[in-house]
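Down below are the structures I want you to see.
Below are two complexes that have chain A in common, paired first with chain B and then with chain C.
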Partner chain A sequence: MEKGKHLYYVVLVVLAIVFPIVFNVPFVQHVAIMVFMYGMLAESWNVIGGYSGLFSFGQAAFFGIGAYTSTLLYMQLGLTPWIGMIAGGLVAIAAGIAIGYPCSKLKGHYFAIATIAFAWIINILFTNWSFVGAATGLSPELAPADSWYAFQFRSSKLPYYYIGLFLMLLTVYVVNKVIKSKTGFYLRALGENEEVAASLGVNIAKYRLISISIASFFTAVAGSFYAQYVLYIDPPSVLAHFLSVEIVLIAMFGGSGTIWGPIWGALILVPLSQYARAIWGGMGSGLDIMVYGFVIMVFSIFRPRGVVSFFIRK
Partner chain B sequence: MSKGKRVLGLVVALSLVLFALYGVAFATKVIKVGAVYPLTGDIAPTGKLCKEGVELAVDIINGKYDLDLIMARTEGIPSLGGAKIKIIFADSQGSPRTGMAEAERLITSEHVVAMVGGYQSAVVKTASYAAERLKIPYVLSDATSPALTRRGFKYFFRVNPDDVISARNFFEFVQDMEKKFNRKLRRVALLYENTEWGSKVAAQQRKWAKEFGFKIVADIPYYHGATDVTSEVLKLKSSKPDVLMHAPYVSDAILFTKTFKKLNFNVPLWMGMSGYLDPNYIKSVGKDGEYVVVRSTFNPDLARIKPLIGKVNELYKKKYGRDMSGIAARSFNAPLVLADAINRAGSLDPDAIRKVLLETDIPGDKILMAWKGVKFNKIHQNIYARYILVQIQGGKYHTVWPWNVASTKVVFPVPAWNKR
Partner chain C sequence: MTLLSLKLIWGMFIMLRVNGIQVGYGNMAVIRDVSFRVDKGEIVTIVGSNGAGKSTILKSIVGLVGLKKGNIEFMGEDMGKYQPHERIERGIVLVPEGGKVFGRLTIKDNLYLGSYKYRKEDKSVIEERIEEVMEIFPVLKERYHSRADTMSGGERQMLAMARGLMGNPELLMLDEPSLGLAPKIVDKIFEVIQVIHSKGVPILLVEQQIHRALEIADRGYVLQDGVIVLEGSGQELLNSELVKKAYLGM
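The block that comes next holds the complex of A and B.
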């Protein structure tokens, strides 16, 4: 049984690797890259929101921190965004702990509200801070040709595709490892019932911070990836409240609290929104957004536990 | 292989060939051009005005119109057998990421031969980068950030004036006023909203003030969502400026106007932009908005000196049921300049189009705007593009500068609040 399951994953990964070569259309590749990015974001959120019961509506803050850190390090010091990406993840962990620690007593709605406020503070801060480009944002100098050092690829989207795929799979792998470990049991205990977990001797504050750190790190890495992909960041695009909501939406839609749920969410919702826009967006009627909203409504009524509930037989 | 399969294979191959041939034949009849605009979201109303301007321009290119405008008297692109221009619109949702993705999709999936439009500088930044990467010409006529033409792009051209030109025009105007009224107006106050646009405008004004030898006596940024601006106005008042240059959105333009009146802040020359041009400004402040001098690129009253403007405005009115706004008029230019280039190139090859765009030299009487023409410099900025200034008089905008296109005499100085 286990062996069969492994084979299944191998086939999926091989398909994912071959996919952009068969469908060598930039827009299709762009949609796939967005699936990977949102899959990664939703999976990161899953650690806190899905397993640990911490409903963060402020993930955009960490996304933005990642995007800004790697871009600034590249622009100011010429440091390759690959290192910048990790630095961004570490800064995000620091920020996550800085916000997570004082909020360690907050639960449910109150935690959600605190994270919204935190993300807005970061947004306003960056909008007015001239060192980070304020409202104008940052655009790193464009490399004249493809460059691994500068993490910029002009001629083809394939590098972004494979890097995105790798980062998403890495996130899934790490989250899976953590959840299956002892730490993971503690995290899930937090999510089920904090009081009970505490009475059994789980150090709530510590495991909360661990959970927040994991989510912040991968969210920030996705932010750096985004910055290198679009090569222009400003507060409305990387620190927007809407982004935080999208992340939660995709994870919930796919099925939070399961390993593959958030990925399913990204796999369905991202292409849906992108293609709906490509087909109907040019009319300016907003039809694409209505279709998107309608699908989400139907699913949340009939499949409240997410897309994965199709695959879980009970 | 069975016979049936072979036949099937043949049929598939044949239809593929036919399909490809059809594609080629199709391409010579219709020339696809891409345009990305914010068609949903909070800027959608403005995006739709831009779209209308582009659509009217395409009507004029494809049809026969008795207008003294490039591409009007011919149908389609004459050098390409009368091929018609078709604009494929896409929605940027006001987001740089979406703008980039849509530009890429238009180029690689819809096979547009060129791009126009964009409206928001942030979106044009990424969309034009996509076009540059894919080597597709991009003709812009509706975003003003100076940075856009300073990236050394090969395929990117801007027809409309940017914020550098705007700042220079403001000071040229003040100099002209000094001469006309024989009065020194050297003390200038800058007031601007502190995000992307406003702060960049102020940076340019500082630079040109120095160049022209003006003195900045106040330099005041503020948040455009503010609900009370008393301290800003008091600061302005104590600096005793001769000229106020204000870069607001609409709600803050209204709030400042009301506070100026309340605190009796008088300035001989009151200049503004953007928010002051919004139809809602005059509606909310009524008579208090009188005598503000506002930057624009187009005003229907220019029909007096340029009958073409009246004629195009009539066409626009017939199609959309209202006067052509400055926003629609701005977006109207890019498709025409591009179509003219395609016609002169006689080819859809991006490099051929780029080459003739560089040689563009359209005289002023062949374009809608009251400019000397269209001609690109080293960074592909139209050197003849400039702003006009309009003044609010009797609840309407009247062109007052440059003097040679003015429809109305400028009122100066602005009367004090207690003498109105």
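The block that comes next holds the complex of A and C.
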């Protein structure tokens, strides 16, 4: 059984590897890259929202922190964005702890509101802070040719595709490891019933911070990846409130509290969003967003536990 | 004799001492100037009607609710400086009301969660403890690998109590263990409480089933609107006019 399961994953990974070679169309590859990025973001959110029961609606703040940290380190110090990516993750952990510690006693809606407020504060701060480009944003100097050091590839989307795929699989692997560990066991208890977990002696504040740190780190890494992919960042693109909402939507749509649910969510919703925008986005009528919203609404009514509920027998 | 040694001797007999606590939410006081104690080897019960503040007292002892006034001593030590998980490390265990279990987890996992304070110990220590606990609750053995949300209300209550015992409590606090259960199951629950007590675990029992609670209690306190209005041995309280009139409908 276990062997069959592993084989199934190997086949899926091989398919993902050959996909961009078979479908060598830039737009298709772009959509796939976005699937990986959003898959990574939704999986990161899954640790806090899906397993630990902390509904964060402020993940855009960590995404932006990652994007700005690696871009600034590259622009100011010439540091490779690969290191910048790790640095961004660490800064996001520090920011996550800074917001998570004072909010360690907030529950449910109150925690969600605090995260929204935090993301707004970061957005306003960056919009008005000239060192980080304020409202104009940042655009790193373009490398003369494709460069691994500068993390810039303009001749093909393939490097971004494989890096994105690797980062998403790495996130899934780490989250899976954490959730199956003793720490994950306590995180799940926290998500089920925080008060009962506390009455058993589970250190709520500690596990909340662990959960927030994991999610913040990978969200920021995705932010750095995005910054290198588009090579231009500003507050509306990396700190937008809608981004936070999208992350939650994708995770919930796929099935939060399961390892593969958020990835399923990204696999379905991201192409839907991208294609709807490509087909109807130019009409100026908002039809693409209406279609996107309608699908989510209908699906949520009939499958409230997400896409994974098709595969889970109860 | 120093103050410290006096405290240590005091702690040898008195497990828990609650001194004039006031607990509230916002400006509203739910508990006012409540004092009581639990001695070693005792079953002490706090009885009162719904909304009297019984559960709030237990939550404040374990640190889930903050105190506005007063203090709580456990085995001679002031608990004010400790977080909930630190209080539980010291041996206070609360079994919350309504048989609250982790529904999506198995019975086995629920029991493992109860042994949080032994998380750094060898697995065999925890498994040994599970065996001991399941001797008291044989029903859990039969359904060891089932999800907790497939259990009946009575079984969930048993699981919640078993999970509490996994922490090897110095003091076990039970919050309305009979809540919402059929009379036959309630009988069983009260039997189990006495079995646990016979193993030397002091129990602080909060109940609305006043007659049942006072029958098994060494001492009891009657709580009305956040204030203790009467105290005495279980038998004394059962015979008191106030309890007969207000709670037993006699």
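Heads up, the rule we're going with is that the second predicted complex is superposed on the first by the 314 of 314 C-alpha atoms of A that agree within 3 Å, B and C clash if a C-alpha of one lies under 4 Å from a C-alpha of the other, contacts with A are read in each partner's own complex, and residues count from 1 in each chain.
By our rule, a residue touches a chain if its C-beta (ideal position, glycine included) is under 8 Å from a C-beta of that chain, and two chains touch if they have at least 3 such contacts.
Being a predicted model, the structure only gives us computed values, none of them experimental.
Applying the document's definition of touching, compare chain B and chain C: which contacts more of chain A?
Counted on chain A, the partner with more touching residues turns out to be B.
With both complexes superposed on chain A, which partner does A:231 reach: first (chain B), second (chain C), both or neither?
Once the two structures are laid over each other on A, A:231 reaches chain B alone.
With the two complexes superposed on chain A, say which partner A:82 touches: chain B (first), chain C (second), both, or neither.
In the superposed model, A:82 contacts neither chain B nor chain C.
Of the partners chain B and chain C, which touch A:292 in the superposed model: first, second, both, neither?
Neither partner.
For chain A, give the residues common to its interface with chain B and its interface with chain C.
No residue of chain A touches both chain B and chain C.
Would you mind writing out the residues of chain B in touch with chain A in their complex?
37, 39-40, 44, 47-48, 51, 88-91, 93-98, 100-102, 104-105, 108-109, 122, 125-126, 129, 133, 151, 194-196, 199-200
Which residues of chain C touch chain A once you look at their complex with the stated criterion?
Its residues touching chain A are 62, 64, 83-85, 88-89, 93-96, 100-105, 109, 112-114, 116-117, 119, 163-164, 167.
For a test of understanding, state which residues of chain A touch chain C in their complex under the given definition.
182, 185-186, 188-189, 192-193, 195-205
What does chain A use to touch chain B in their complex?
Its residues touching chain B are 25-27, 30, 34, 127-128, 134-137, 139, 142, 154-155, 226, 230-232, 234, 236-237, 274, 277-278, 281-284, 286, 288-289.
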